[in-house]
Amino acid sequence: MKTAEEILAAIKSALPDAGLELVLNSSPCAQHSLRVAAKDMVAVASFLRADPVLALDFCSNATGVDWPGKEISEKVKVTKVVEGEQTVVEETIKRVEPGYLEAVYHLFSMKNGPTDPGGPVVLRMRTANRTDQVELPSLTPVWRSAEFQEREIFDLFGIVFTGHPDLRRILMWDGFEDHPMRRDYVDPDDFEYEPTPHDEVLKRAEAHKTGAVA
Amino acid sequence: MSATELKIFRPPVMDVTEEGDELLEVAMGPHHPSTHGVFRMDVALDGERVVKLKPVFGYLHRNHEKIAEKASYLASMPYTDRLDYFCSLTNNWAYALAVEKLAGLEVPERAEYIRVITAELTRIQNHASAIGFLMQEMGASGTPLMYAFREREKILDLFEELTGSRMMCNYMRFGGCRVELPKGWLEKVKTIVEGLPEFLDEVEALLTGNEILMARTQGVGVLKPDLAINAGVTGPMLRAAGVNYDIRKIDHYGIYDRFKFRVPLGDHGDIYDRYMIRVLEARESIEILKQALQDVPAGPIMDPKSKIRGFRPKVGEAYGRIEAPKGELGFYLISDGSANPYRYRVRPPSLINLTILEDLCLGQNVADVVLIFGSVDIVLGEVDR
Amino acid sequence: MLGEGILKGLGETAKNFAGSFVSKERLTTVQYPEERIAPIENTRDFPFLVYDGTDPMAGLRCVACQICEKECPPKCIYIVKSTDKKPDFVGKMQIYPARFDIDISVCMSCQICVEVCPFEAIKMDTEFELSTTDRFGGLLFDREHLSKSNEHYHKIHPTDAAEVDHRLAEEKAKVKAKAKAAAEVAAAKAAAAAAAPAAPAPKTAPDKEPGA
């Protein structure tokens, strides 16, 4: 299988104005990934599947990742007027880096499989934020194996896939409200008797002791 | 390269005839002996013919991926046993492989041999049980299943001697295996492996030429290769459709390169082919076992660099996959440098193989739906995680 | 001939049926609970705490380091450390668990607590007929219930117990040898100090911690 840089070059030559970015992976397995802008994803995916050399016809894994927003405090040198003189003062500026949800796809080639093993081709795409702009294009028309997996990403993370033939909850029951795999998911308070409560369970148990114990 | 030339495999929709205005909607499951676990199929029937079929699952959803985010890497290992609970040792191996890719650990040779031996024993008992369950759904009320379980008991006793537990083995560790082989274990394995061809001959004498079996399974639930590839189907189902893709031969993980074994392929992609592929794969596993048992080297069973406690792989991500008996079992791990994984994803073969269940079942009779579903060979622990 | 496959299959079942009267291998059913299969040595069910000697509480090997509590995947172990100390097998004063609860309705018998324990204090039992009608606390095993003697450990896992005893005896011997060497050094120093006339106050021998 070609390296991620080669694949990036191949996509760029076919689709020159696709938003692409190489994301390096620092672990020893060196499975680098390509971040694709959401608007170009279907075109890139179709190209990768149709290309006779790459022939990435097997989408093995489609999953979501939640990257919550981070508060970053940076020390910045600012020129200010202090006591009538211009001095360089260090200030701490706090800014919030917005969080986003990400969909990751692992692609292999079954056609080239026996002759060309190698690491997977990893594609990623991000949503704009985690609250209201969570739409991403669905890759189910390109690879049917994404059908149930994108339903699962919708169910557990909340990414809405436009173009999916049947987007509804798959693992949680219909009518369930939250998205369980998000980092800020709070378990519902359905505390029952717990013989060895400790850590968080102990805190919940204490809270229930004041009321009625189930 | 035009993307419009690509064939789109849409989920199927069946036209309903005029008389079929009143469709009978049946919920097959979740409380049903032949659903391999808690699984429901919402079937719309026009007489006996299936017009619409939607699989519904999630009854066994324990959010294993979230548990793994709160637990350390080692603590997730016993939970992987409970994914595909028939084949816990291959689940362990897939997870250990993914972590070894993430952290760059190397596995010593003796541990690789032990892994291959346990994985192939797991494959044999899984395929035998899968055939048994398929026959059960056909109405053979347990005879082939009990024959399969008789052999399975011998293999499970081997696992109990080695790991301490019959099904929830928790045996692989990152960089090797947990515990050294007990005395005399390899001889016991050799004895059992010598008896396995006879067992498979018995199963084949009972089933392969059976006219009832052939009439019910040949030509039923045909899966075409291009749909199989596009839908991400892997494992015996894919090979029965005729596609040569066995991850043991493709990824060359472990030491599978040292063993000579063939990959059986099917011609038609129907249920009968899937049954035959499982029997043939079990025979190939016996070949691998015979070769592996001959030269298990002495040596350590763990990578000296690996740590049991306080294991913190560096920042990065990895996707590791193996040929589990049900298909491609993959683990995708993202590490942020701490003791717990940031993202832990299981790529379940049973769930992905279910994508085309509706395609296979439309237009068939209700009785065939149960058979087709049985031939996919799923385990709900893996589908729902 | 039509039906040949079915007849062949029926021949197989007939062979099994007739064979079950004749050979032990064909008759694989064990009439539990009247008959039982001999347990396999390595089997693991639920943990128990090992104590040496005859007094369960005084001989308890556990020093309440809480490593098993941290590593337990479903967090079924609950330990409360004691405020006083008692001597361990090499004679060093160690704290002990004032409370050691294992909730076996949560425990998944994964054996990680055994793997990480540095003191060979917790091992896996082989008892599995533990069902009870008491839903609240019937499956919560406390320290007294969990403490079983080293002889019990030898009975259920003879190979492992022999290895553990060997390892602990080696450690004890090492600790004794170190203490002896330290005592000899101290004695030699004291003798040298006494021999030198205007020597400063003799140094006390460095405190060697017996390794655990």
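The letters A, B and C name the chains in turn, as written, and every chain counts its residues from 1.
Criterion: a contact is a pair of C-beta atoms (placed from the backbone, for glycine too) under 8 Å apart; a residue touches a chain by one contact, two chains touch by 3 or more.
Since the structure is predicted, the reported quantities are computational estimates derived from the model, not experimental observations.
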item: Top chain pair, ranked by number of contacting C-beta pairs; value: A-B
item: Farthest chain (mean CA position) relative to subunit B; value: C
item: Where subunit B and subunit C are represented by their mean Cα positions, the distance between them in whole Å; value: 34
item: Subunit A and subunit C, separation of their C-alpha mean positions in angstrom; value: 43
item: Distance between the centres, which are taken as Cα means, of subunit B and subunit A, whole angstrom; value: 27
item: Subunit A residues within the subunit C interface of the complex; value: 193, 195-199, 201
item: Subunit A partner contacts - residues on subunit B that touch it in the complex; value: 1-3, 5-6, 8-11, 57-58, 61, 63, 65-66, 101-104, 227, 229-234, 243-245, 249-252, 313-321, 328, 330, 332, 334-335, 342-343, 345, 347, 351-352, 354-356, 384
item: Residues of subunit C touching subunit B in the complex; value: 2-6, 8-9, 11-13, 16, 28, 40-44, 67, 71-73, 108-112, 115-116, 124, 159
item: For the subunit A and subunit B complex, residues of the former touching the latter; value: 14, 25-29, 31, 43, 46-47, 49-52, 57-61, 63, 65, 104, 106, 110, 113-114, 117, 119-120, 122, 141-149, 165-166, 169-173, 180-181, 185
item: Residue ranges of subunit C touching subunit A (in the complex, touch as defined); value: 75-78, 101-103, 105-106, 135-137, 139-140
